[in-house]
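Chain naming follows the written order as A, B and C, and within any one chain the residues start at number 1.
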């Protein structure tokens, strides 16, 4: 049934959106608050996927592996921040680009060396590998679960940023670095925490997607670019922007790929539509980014400054 | 911005001389492999020269310059599909398409903050990458070989010697262009806009216009490098010029010395040599290379040019 | 020459400037004083074009410039000095002066002038630049980096650069910031000299300089002008004394 297909695509789009949000959240915070361009953020996504996959292979249990991968990626984020990234804040953006690109190479090579080039697959446990039946529509349970997790994290972040003291410090940090440190807050620890939480969220996204796409070395480098597009569209430093931007990009990209040829056929010949569709659907996210930037150079919800 | 006789300039001229004379060495027995390495080096040096204009002199970090390599290369590959081998057409197409792409994307990206610019150029390059991947007719992700290298009437770039000197000539010409541009009013305004954009506005200049101009020239130069690359490798696939390649170009510019005349050549040389040596050593050479990048970011200021000119501190770098 | 009418600017819910009007005549110095956070920088930013007012108008040289870009205002004859030193740090003293002179010495759209001719070898630019530096005694080592100059010399250099575009009106944003008393005295003398040919809006904290130089003083407190008049009138104004002078 047509509705069934459209709904599946919507679910896929939301799922992609939610994953992008998890990755983009850390990216936008680190860039907005510490003014640090972290190209290597995708590495945490990849590492989360690998840790979850390897643990699941060893123990045979998926959900515990996923939960265990979270503190592990958090720890990795802490270590990377403490021993490398914290020394880079004061340097120029050019140095950030070079260092984080170097970091990508290090992570990719280490993963290749330790886990081989072929990637790891995870089998979903039976109770997750089912479909939900809602009023005649079938929806894959796991994808709905991913969406639920993502929304829960978004809600938790929104609560944390708006209602807690740490969140207030975060928002203050986004608006005025000097003031925050003048207030006596331990800036170093705040930054370390922000970085590690961001890394953990990216790792969560990786672990969540691993049963669907498998863990592989290229995944980090692929996701980082779309995540950057989300950050740019949403506005640097803005979690709200990252959330709305991610959902928007996820939906547009998924629906675009699914229905681009049908949409084009309304305007041009079927043959032309078939050949143009793949190119256009891959590019649509970037075209939208360009259009948004043309009118709002600082994104849709810039944090400020 | 003076131009005194400094160690870096001497070395630069020396390298150019060696490059100019290298083909003669092959007559007396030098392995043709080194000629190929030199061509590759020069092509990267041209690409880095282009990037240096917007990154070093302009102050905007483009993480998407590989897109211009792609555009320039496909300006040879696509006409090839239609059996067009006219070199002037290839080169002209490369120049026009690169300039146009730079103009359109630059108009949007240059209005944003510095850090956003990095992300946006990356995204636009990715867009171009996907565009070429999706073009199944022209090879898609598998790539396409080039059987009709650029023919300029008197010579054809399929011949290694002609390609070598054509590339060498381009390197000289484009380095000369940057040299003149940097010392002209345009260059001064560009540098001023990098150092103090607010001050430039208050002095009656519109930095955006100059930066866009620099971006267009920058992209075009790298597009020419792409044109040369297509003729050199005689095979093009989008993977050859992904965003890792953009990062490598940034590495070359930064290591050699951003906003210097000789930096791009030094950087390209270092990269080609490092890549060659390290990849012989281990399959996992990206690991030490990555660590090296991190070390450069943390410890080096001003790259090789600064290192070479350590003693002359009174005058700004050339 | 420069007329600001009913300028209002707010950020979020906070009014940085509330219904501000003032006038700067040619050959006059109008000083703007007020405690920190009163909104002086915001006002200067709107006059120079870096910020757009929420309401109100700015007239300059008989034109409504409220929506003009900063560079267009400069081309009409508005010059500006910044509160914090904004010199071209990697360049020499001579090169710093050359930059403002580039436009005036180029034949407007000549490609050769703009993209080919080397600025260094342009003798007319060099001569003009050295003459300007000489007036301030900074022409001894034109090739040294500006970082080598003392703070006072740097501020003077900035003044020269601002004057290099031949503005008719000057916005001076705390020109004496961070200067020793000797350097300040020199700057005061310079500003007094400039009065003959310019309309000057002076923002300063140095009260000695303000009362010495100004023809008119406006006092800005919490976004509004609470008093405006001759130095004597301001000195005697009770509200001003209470809000500002008394606490200093």
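In this section, a contact is a pair of C-beta atoms (placed from the backbone, for glycine too) under 8 Å apart; a residue touches a chain by one contact, two chains touch by 3 or more.
What you are looking at is a predicted structure, and each value in this text was computed from that prediction instead of being measured.
Trainee: Work out the mean Cα position per chain and let me know which chain is farthest from subunit A.
Mentor: The most remote chain is C.
Trainee: Which chains share more C-beta contacts than any other pair?
Mentor: A-B
Trainee: How many angstrom lie between the centres of subunit A and subunit C, each centre taken as the mean Cα position?
Mentor: Spacing between the chain centres: roughly 47 Å.
Trainee: Distance between subunit B and subunit C based on Cα centroids, please, to the nearest Å.
Mentor: Centre-to-centre distance between subunit B and subunit C: 42 Å.
Trainee: So how far apart, in whole Å, are subunit A and subunit B when each is placed at the average of its C-alpha atoms?
Mentor: 32
Trainee: Of all residues in subunit A, which touch subunit B in the complex?
Mentor: 31, 35, 37, 39, 84, 87-88, 91, 93-99, 101-106, 108-110, 112-113, 221, 225, 228-229, 231-232, 236, 275, 278-279, 282-283, 286-287, 289-290, 293-294, 297-299
Trainee: What does subunit C use to touch subunit B in their complex?
Mentor: It is residues 48-50, 69-71, 74-75, 79-80, 82, 86-92, 95, 98-100, 102-103, 106, 113-120, 143-145, 161-162, 164-165 of subunit C that touch subunit B.
Trainee: Name, in rising order, each residue of subunit B that touches subunit A in their complex.
Mentor: 55, 61, 63, 105, 108-109, 111-116, 118-120, 122-124, 126-127, 130-131, 133-137, 243-244, 247, 250-251, 254, 258, 284, 286-287, 289-294, 296-298
Trainee: Under the definition above, what is the set of subunit B residues touching subunit C in their complex?
Mentor: 1-2, 180-181, 183-189, 191-192, 195-196, 198-206, 314-316
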